[in-house]
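Here the chain labels run A, B, C, D and E in written order, and each chain numbers its own residues starting at 1.
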Amino acid sequence: MAHALEIKGLQAWYGESHILHGIDLAVPQGQVLTLLGRNGAGRTTTLRAIMGLTDRRSGSIKVHGQETVHLPTHRIARLGLGYCPEERGIFASLSTEENLRLPPALKGGRGKVMSEDEIYAMFPNLAERRHSQGTRLSGGEQQMLAVARILRTGADILLLDEISEGLAPVIVQALARMITALKAQGFTIVMVEQNFRFAAPLADHFVVMEHGQVVESFTAAQLESKRALLDELLSV
Amino acid sequence: MSNLILETRKLTKEFKGFTAVDSVDLQVQRGHIHALIGPNGAGKTTCFNLLTKFLTPTRGQILFNGHDITGEKPAQIARRGVIRSFQISAVFPHLTVLENVRIGLQRFTGTSYHFWKGLSGLRQLDGRALELLELVDLRDMATLRAADLPYGRKRALEIATTMAMEPELMLLDEPTQGMGHEDVDRVTALIKRVAEGRTVLMVEHNMKVISSIADRITVLARGAVLAEGDYATVSRHPKVLEAYMGSEAAELQGAH
Amino acid sequence: MNKKPLGYAALFIAIALLPFLGVYPIFAMKVMCYALFACAFNLLIGFTGLLSFGHAAFLGAAAYAAGHALKVWGFPPLLGIAFGTLMAALAGLVFGLLAIRRSGIYFSMITLALAQMLFFYFLQAPFTGGEDGLQSVPRGSFLGINLENDNALYYLVLAIFVFGFWLIYRTVHSPFGQVLTSIRENEARATSLGYDAARFKLMAFVLSAGLAGLAGATKTLVLGFATLTDAIWTTSGLVILMTLVGGMGTMVGPIVGALVIIALENKIGDLGQWLAGVTGIQWFTGLGESVSLVTGLIFILCVLAFRRGLVGEAGALWERLRKPANAR
Amino acid sequence: MTDFFGVPLPALLGQLLLGLVNGSFYAMLSLGLAVIFGMLNIINFAHGALYMMGAFLAWMGLEYFGVNYWAMLLIAPLIVGVFGLVIERLLLQWLYKLDHLYGLLLTFGLTLVIEGVFRSFFGVGGQPYSAPEALQGATNLGFMILPNYRAWVVVASLVVCLGVWVLIEKTSLGATLRAGTENPKLVQAFGVNVPRLVTLTYAGGVALAGFAGVLAAPILQVNSLMGSNLIIVVFAVVVIGGMGSILGSILTGLGLGVIEGLTKVFYPEASNTVVFVIMALVLLVRPAGLFGKEK
Amino acid sequence: QISGDVVRIGIITDMSSVYADIDGAGGVEAIRLAIADAKGMAAGKKVELVFADHQNKADVAASKAREWFDTQGLDLLIGGTNSGTSLAMAKVAAEKKKPFISIGAGTSRLTNEECTPYTIHYAYDTVALANGTGAAVTKAGGKSWYFLTADYAFGTSLQADTSAVVTKSGGQVLGAVKHPLNASDFSSFLLQAQSSKAQILGLANAGGDTINAVKAANEFGITKTMKLAGLLMFINDVHSLGLKTTEGMYLTDSWYWNQSPESRAWARRFFEKMKRMPSSLQAADYSAVAHYLKAVEAIKTDDGDKVMAQMKATPINDFYTKGTIRKEDGRGVHDMFLLQVKSAKESTEPWDYFKVVTRIPGDEAFTKLADSKCPLVKK
């Protein structure tokens, strides 16, 4: 099976502090991988390192087989990556609509390009607040916008950081349905989730991180057998 | 004194033709942990901002202990004993954990404008500061820089600093957001502990937290009050189910 | 822990001995005035996080006010200086009320613009003598000691300098200073704790303006004149440079910076000629005519490579040298 | 003839028009500052020096290479832009992670250096430069004689300002620019080459200054200090306008030019300070400036 | 008795800023020429020159002067341009009892309120300029005046002095408009001036302001109806404006390089070195130092009091001027010239800019002793 994303020995630093100590991950095309771990385990950092947003990194990151560790961020993105950051990153000076339209279509992306109508159908809140300034949206609305934004670009590998955070239960359910749908359409997804109940039914693979290292890695099928271990690792 | 510590009357906030908070009559009982919940964009944070005057209400009144505080400035309101926390963590990153709390305590010494005094006066406050840190399990981290704390601990520090102000009313905006389960439980317990003898008004999405500590819940939707009551009442309210909790309601008890 | 006061005491005693070591008293006094000016500026930028680009206004306001009081009204020296300081603080209050509500770069630009307005006032007002300056300000006498004597004046200036420095040190290490720090770190949070951030910043600003005024008034007494140079915007730039070169947010940095910059301003011509002599490169003879060019280069260099300034970098080096030693 | 506070109406109209000419310079310079500030978060103190450079380039082009005004109107901004490119790559790019004030300080140092270099080559005296043949002479508007060149200045700068405004507020490139202003890393993570965008923005912003310089050369004295006198006033304009919007900086620039022009009639002594007085008043009422947004 | 066995001369002037062109490095070069002409010797001892840039800062000028007097045994201090610095240096020199010659300062206070026994004000002052231009132009037919005045001490006093002279000479002042320093745009002010219908527009300003004003006057066709008179202008200003814009303007100066064969000869020498023609100040630098060296040579001492007495006792007589230094207040008194800018056609060679309209005798140009406010003048 072709790996959409393949990471070997990834190390990353913020300034002087060494955060990731050799991460190995492989995500097959069209599957969902969830990164679990306690606060500060380095999951966000892993996603940022993939995008080249850490101060320094080393190791190997292959996107559709192409080495990217030496590439600048925008070149990496153009290989078909869509990143939804933990802090959402909604632009205050842009309206909701402009925020949505901001990310350019990625030439390298092989994913399905969602139309604006489809997006507004998925998030009616956004349709309603279409012309208001990006950061005037409520916390949850911003979260929706951040996810919606990368679905337009044709990225086929999505990196989603804590997207269920701060959302009302109804919306969380909608998101879960969306991810299932995206998966069915062939998107490859790497999720960071705190909300295990949200992530559990969606993922094909689970990776547990601790102190910048992978401590456990298993498939959905093995989930039940790993429950006890997980409880211990995550104190769920 | 009346049993109501905080009351709003027809509190309204409009942003360029959009009504974020729509004549809300909120009544918070002294000694309660009062939760404010609602779908995203319901106007909860805006409500907080109005109560602390980080935003100016378009209409309506805010009464604290029976005084009309609608016209007061943020710092004034804080001095009355209404202290808020922020949705994103707010500590003084380059000060030590101890100093963070001491800044809060310092206000009561009345020396804050004394630029000719030494710091020795402030050291007397260290004892009280450490007590507060003890309360949130931060005592052994007292000498660290706040910036070096893990996220969950920062929230705890924030609560300790807020406590230092001896608030009558604490406003907490999503205190458990972005926390691991471990920390969520810790902070929930913490809130319960610190709420003794004072009043807490909190915004929260985590139903487990709400169900375990809230005495009373107000549900906002589209800027207006949708329902109010204790957890049992609210969680069965059909409109709340529809607007907020979704089909998950049945299993709500075990959420998260 | 208590080594610091000792260090400062040593520094001041060393300064007190300078005239005996053949150092030019007027030069040393001028450096002290600018050092105090820079320290006052540093109180804002280094400890409150506000970059004022108009501090020359306070230096100038005090210089003219003190000069006028001493010369025309015949005030005794200390009273004249006090008057100048007061006027600067007053100007600081007005500037502060207008500027303090904006932060960051806006604050800098507003202070710059207000200072420019004051400059035009000084230029046009009759009592300042326009571009001739306010000349022949008498030094007078203090406690019966004739201050026309450079050495006598030297110790008076030293005393003023030590007082100013002490006040700044006190302010930084006071309850007030703590609140300032917290406001610099997170203004919204400080407000929510009940601190009226604007009032604290305003007070710091007035304090800094007053101290800058103290420096300006003293300078007038030392040199015997006040001119537009004191109030022009390039002087505001100069004090920033002094602080930057010495080290923002350090106590002694601005003093070192003032020394370096004043020495450079006075000696750069000699330096150029010396360099030309040593290297044989004729271009260096022109160095004396390129003060601002050299100043600009230092600015760029400092911002790019030595942001901590001389004192800051030295401190960092010291830390680095000490750490491995401890580890071993 | 109608009088207006003792000033004949035609004269007043004349002064208004002249104010507009000055306003055009303010508008163009504060616009450049606003664009650069937006994208790089740097207050480009060197803006005045680069404006001076534009004027000097116009003069040098004619003096040394016989290149005429019209060609220099294109070439000079280009050269200034390229120079900006070099500055950005060489110096500014290291400052983005730091506090804004370092950008201000660095460009302040840069101003001293640029002015110093020009001064050491060309002295401080002005250089003669006259308007191109086609624009010499004046038109009698009935109420005043308007030199053709001044009319051209107003038209040219209005066109340029409007063009920039459309580019930034109405195009997707503009949206990307605005987003890059806030969170460059994230925009880059969307696949936009942000460093290049930043460099080009700086180059574009200073090219505007260079363009203004060429426009100014026939009117004002071309000398090494012409920029530093102007830049502080432009700062005041920016504060009044509030830097919140591109349109704001243009309108404020023009408006203040006109107000300054009126002051020259009614109370000439104050014409240099009037901008600062207005600034103080505006700050009292609207701390964020006329068009600025409260944070 | 030459102190330190060397005659040390120092010049402190603006070498880097607004006034650097009219004095600056050229001034230093002129002094070098003067020393070279004395074969580098005076009273059998070597003559040395030191120079420094005061950056238009009075404190820099004063501290440099002080340092030179104290540590280098400076014998003569020359003050270049900028009034504030000259006033500050004069005080220092007086304290050290050494001669101080101010060349380029405009302020008349140097020989009035702030006079000292050791100050010589050599080339010109604002009174002389006012007298020169005001009287001569009015007599030449420019009867009605309007002023464009820089709104600070210098401009206002220049305007006041000139107005007085104009009225006295039978002219009429129709009004004035004040403009702030460094007003980049003069068009508004000029339109106001134009509507006064005066014959002469007196520019009571300096440097960049004058240049910008002249440029705008030309652009708005004001030069067609009014004649401009620059009250403080130097040849360098005309050079930077070009003849096309300045044609027909009046100005007063103490010297013009093309005024006599000796002047021409000296100016050539200067041109060789500096690649431009000297300003009157640079010529005055030469003249002042030469005058000093002759005095030292004559009395074989560099003692401050004696040299001052000698310099005041001997008339100046060189290519620059023929005149005296007034004993009581140190005012250099010599002829001034009303110059008019040639048209491009009339100009026959580079830097050939002026024709001399009238010569104004020194005692008419400068403040009369009777009017002096110098406390040293006994009345």
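Rule of thumb we're sticking to: contacts are C-beta pairs under 8 Å (C-beta built on N, C-alpha and C of every residue); 3 or more make two chains touch, one makes a residue touch a chain.
This one's a predicted model, so the numbers in the text were calculated from it and none came from an experiment.
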item	value
Shared chain contacts [chain A and chain E, defined touch]	D
Topological distance between chain B and chain C, in contact steps	1
For chain A paired with chain C, centre-to-centre distance based on mean C-alpha positions, whole Å	52
Distance from the mean Cα position of chain E to that of chain B, given in whole angstrom	74
Centre-to-centre distance between chain D and chain A (centres being mean Cα positions), rounded to whole Å	44
Chain C-chain D separation of Cα centroids, rounded to whole Å	32
Numbers and ranges of chain C residues touching at least 2 other chains	120, 124, 289-290, 292
Residues of chain E whose C-beta touches two or more other chains	16, 20, 151, 180-181
Inter-chain touch pairs (all)	A-B, A-D, B-C, C-D, C-E, D-E
Sites on chain D touched by chain C in the complex	37, 43, 91, 94-95, 98, 100-102, 104-106, 108-117, 119-120, 232, 235-236, 238-239, 243, 269, 272-273, 275-277, 279-280, 283-284, 287-288
Complex interface listing, chain C residues touching chain D	45, 51, 53, 98-99, 101-102, 104-106, 108-110, 112-114, 116-117, 120-121, 124, 233, 237, 240, 244, 286, 289-290, 292-300, 302-304, 307
Sites on chain B touched by chain A in the complex	15-16, 18, 38-45, 87, 150-152, 174, 177-183, 205, 207, 243-248, 255-256
Residues of chain E touching chain C in the complex	15-16, 20, 24-25, 51-53, 55-60, 62-64, 66-67, 70-71, 82-84, 87-88, 91, 107, 109, 114, 151-154, 180-181
Residues on chain A engaged by chain B in the complex (per definition of touch)	38-40, 125, 129, 132, 136-141, 143-144, 162, 165-171, 173, 194-195, 197, 234-236
